Amino acid sequence: MAINRDTVKYTANLARIELSDKELEHFTGQLDRILAYVDKLNTLNVTNLKPTSHVLDMKNVYREDSVRKSLPVADVIKNAPNKENNLFKVPKIIET
Amino acid sequence: MTMNMKLNTLTAHELIDLLSKGDISPIDICNDIINRIEKQEKSLNALAHFDKEKALERCKNLKEGVNKGKLWGIPIFIKDNISVKDELTTCSSKILKGFKPPYNATAIEKLMDIGAVLMGKTNMDEFAFGSSTETSCYGPTRNPWDLERIPGGSSGGSAAAVSADEAIFALGSDTGGSIRQPASLCGVVGLKPTYGRVSRYGLIAFASSLDQIGPITKDVEDAAILLKAISGHDEMDSTSADIPVSDYSSNIKKGIKGLKIGIPKEYFIEGVDKEVKDSIKLAIGELEKLGAVCEDTCLPHTEYAVSVYYLVATAEASSNLARFDGVQYGLRAENITSMMDMYKKTRKEGFGDEAKRRIILGTFALSSGYYDAYYSKALKVRTLIKMDFDKAFEKFDAIVTPTSPTASFKIGEKISDPLTMYLSDIFTISANLAGIPGMSIPCGFTKANLPIGLQILGKPFDEDTILRIAYNYEQSTEWHKKKPKL
Amino acid sequence: MDYEIVIGLEVHLQLNTKSKVFCGCSTNFGSAPNTQVCPVCLGFPGSLPVLNRRALELGAKVSIALNCQIAEKIRFDRKNYFYPDLPKDYQISQFDQPLAQHGILTIITGEAEKNIRIRRVHLEEDTGKLFHQKDSSLIDFNRCGIPLLEIVSEPDMNSPEEAYLYLTALKSILEYIDVSDCNMEEGSLRCDANISLRKKADKELGTKTEIKNMNSFKGVKAALEYETKRQMDLLEDGKRIAQETRLYNTEKGVTEPMRSKEEAHDYRYFPEPDLAPFNFEKSFLKAIERDIPELPEPKKNRFIKDYLLSGYDAGIIVSDKNTADYFEKCASLYSNPKTIANWLIGDISAYMKDNNVSIKDLNLKESYLSGMLKMIDNGVITGKIAKTLLIEAIQTGKDPEKLVKENGLEQISDVKLLEAATSQVIAENPKSTEDFKNGKDNAIMFLMGKVMQKTKGRANPNKVNEMLREKLKGAR
């Protein structure tokens, strides 16, 4: 097996997605089949290959240090599920 | 053309002619589209957000005057993952419920600058995760050629709307075939530009190194017009290329005599529908008649493309979709006890199954202990796939393949089996991994009267050549003129 | 038992660019909440980062000043973790191709120099700011996206004092090259520490704790001192150190374990697909090198050599670039640099400390100080007068020479005047006169003081001394 239930559970937690037992079961099976398929990559020798993270050969893209207009604060918070005095409001965080 | 002709059935370039002659007004076009939508949309479900009053208002507010812009008065639909200021932009996901971006995507700015009229947003697979538009939180879109079937995906709403004449043309996005495959399955034209040709600024990212916005149109000329309108360097997108944009519309009209076209054998394997193979072969014959030189070639790492894609794309997606956490916008679960609880419940409620599956897969591929075996390896094999194309393009000007191994399938047929669904992208994925442009044009029908698409792949930033091949083929065939009977 | 303390520091530095590292929002401090944000720094869906060239230049400048090797090719990576002050739930940072590595920062411990190795320097984006209320937390994203440079040292410091010296030396360099406000209270410079103890003979490092939440250099030192003692007590009792993150409680002066449960980190770094890699071209680095002024260390050596200052004096003067510049300007106007140094380190520095001002804000032109010193040398004023004159010059912003004339502060060397004063003092103080006659040489100082009092400090001290001795000589 390429992936088991515990790993799926751990990974879902990393991704902050709560899964029911049923979903966990379901996803484990599906992901295992997908990863088994993906295993065909292991038939290739890739030792001397460079990874392609950018398909274009690009480099040194930048902007100059100049200030642009920010968003009006009304636009910033208009989509907020919860807010207070132009600040985003979330459940109390126990300080790390 | 007679004045009682339904304007919604025309192409953009036809409407541009009529508008310039003063025969019609933008409101006339808008009205015909609204009529069509009111009649047809219930059975199609191609649109995610549409407000006819707003659409009419935009028409009325169009600036008159001499500098009207190339697309002045032409209505356009936008896939629901492209940001439009103060308009619902939800990626057909519950997690972006009610979300209205505070800014426009660069492609939208460009279209508005030249007078295009934004009509509404089209349905899609949730976050573009899918090949059938069945994973939308708004329900599946149906294929205008057979309402029991899927329109392809993820830009299924855009393709179905254009095919059913609810739209003149539309924008889609393509990460692994999401423009070309639905275009193929709905019998319309779809083009995925070279990575970097069109700014991604404002396109809600699925896989940042693969995504491109592109046109879905009724014919090749419109694809050329719309591509030109949205292309070009954008200082807001570091990955957009600073390479001049061609005059596609005039270049397509040149012939294709002597062009070298490669036919990769890996695209005619077992599992490809015979009717599809036959149509493609006929199309190749047509291209030869037009003077192209078609030869067999090979892209040996094609069989690894799906594997590479589903690791690279999901890894990037897992990171891109982390921001949907209920803090700043969109859905936030109720009755939450802590920050952790808020994250987990919001994402549980907000994401559909396929989104969850891909996020978990991508997270896994990047996680400690698996990165090298999965993500890193996939990026290396991606290099091999790119090299295949580099090599082929040393010899050929373009490559021709089927867009999809089969015509449209039934709603529900593959949705319960993710891997089978993933394999329906098998012929479109490589172009995204290699960053090259590709398009799909209608090239025939199955016995069941379902459209078949011809895929044309080109060299990086050589959209000119694939558009030219497509145009020449289209002009010598009648496929694009056929309309679904709704 | 004898323990060795092993400390490594991780400094986060806000670079003083005008705009943020990946968008054009302003970096001003103290604006109203969420007014310096845009779709990019808010991580709105569809937005994309574009690198601010200046941030990279400043990062490279720091790296060069810290003697690092700058990478030929750098790249940005995404560091993935969920936290509400991080709008994208990933931070654009650098993982395996950082800006620079293998640097050196020299500190002075007592009379000895010690090299602290810099492990790496990398560029990343700052996060938003959280405010905690009773039942909720609030988020302001203004700070989000300010360019942040992470400077990680090797665990080369062996005492809280060395950690303090490292931070002071680092701050001094950073101020020299003008890359940051370096204000720990405003958060433009932040510091976390790793500390462990091991028996002197041990080769392996002990279990370390990470200390956060210090808001001044002194706080860093105090936290490390507390933590040293805490760990030592545990080890002495035969207990184990738990590997954990602890927060420094400034009020109580103690470190405390974090309340929230720490999760195993799995940041899932991968190359940021939205940003292009950056290759440093020679011309780019050359331009930055040209922009780096003489740094404290070489400046100190030069001051010792050229101005014959002591290592101690030179060290103090060069620790602040403005003071060093001030010194050199004075030295170009006045020929005895040691005297300048004395005044700078003595009266001037005391005034600055008492009034909490920097040399830049000080109302004392270089020509004023050197002019005043010349007046002392030329016998125009006494050293004693100079001390009050200096304060007055600073407070009024006036030229000391003018003040001397206005207030009649010139030294009295006139023999007749001094004769009268000394005679009067001798007559009025028979006891001290008697003491001197009986061999108490100190008594002359008392008498001199009396003469000074009479002349309001203006009497030429040498002449007064001479005269008193002369007058009392016969009597002895």
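By written order: A, B and C. Residues from 1 in each chain.
Keep in mind that, in the parts below, a contact is a pair of C-beta atoms (placed from the backbone, for glycine too) under 8 Å apart; a residue touches a chain by one contact, two chains touch by 3 or more.
Small disclaimer: the values here were computed from a predicted structure and weren't measured.
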Central chain (by mean CA position)
A
Of all chain pairs, the one with the highest number of C-beta contacts is A-B
Taking each chain's centre as the mean of its CA atoms, how far is chain A from chain C in angstrom?
41
In whole angstrom, what separates the CA-based centres of chain A and chain B?
23
If you average the CA atoms of chain B and of chain C, how many Å lie between those two points?
58
Numbers and ranges of chain C residues touching at least 2 other chains
39, 42, 50-51, 82, 84, 137, 139, 266, 268, 270, 273, 275-276
Got the chain B residues that touch at least 2 other chains?
99, 102-103, 209, 235, 238-239, 318, 322, 325, 327-329, 339, 343, 363, 367
Chain A residues counted as touching two or more neighbouring chains
14, 16, 53-54, 58, 61, 63, 71, 76, 88, 90-94
As the complex stands, chain C meets chain A at residues 17-19, 23-26, 32-39, 42, 50-56, 82, 84, 130-141, 212, 245, 247, 258-260, 266, 268, 270-271, 273, 275-279, 281
The answer for chain B against chain A in the complex is residues 98-100, 102-103, 195-196, 209, 235, 238-239, 241, 301, 303-304, 306-308, 310-311, 318, 322, 325-332, 336-345, 347-348, 351, 353, 356-357, 359-361, 363-364, 367, 374, 376-384, 386, 418-419, 422, 433-435, 460
List the residues on chain B that touch chain C in their complex, please.
81-83, 89, 91, 96, 99, 101-103, 105, 200-205, 207-209, 235-239, 315-316, 318-319, 322-325, 327-329, 339, 343, 363, 366-368, 371, 375
In the complex, go through chain A and note every residue touching chain C.
14, 16, 53-54, 58-71, 73, 76-77, 84-96
Chain B partner contacts - residues on chain C that touch it in the complex:
39, 42-51, 78, 80, 82, 84, 87-90, 137, 139, 266, 268-270, 273-276
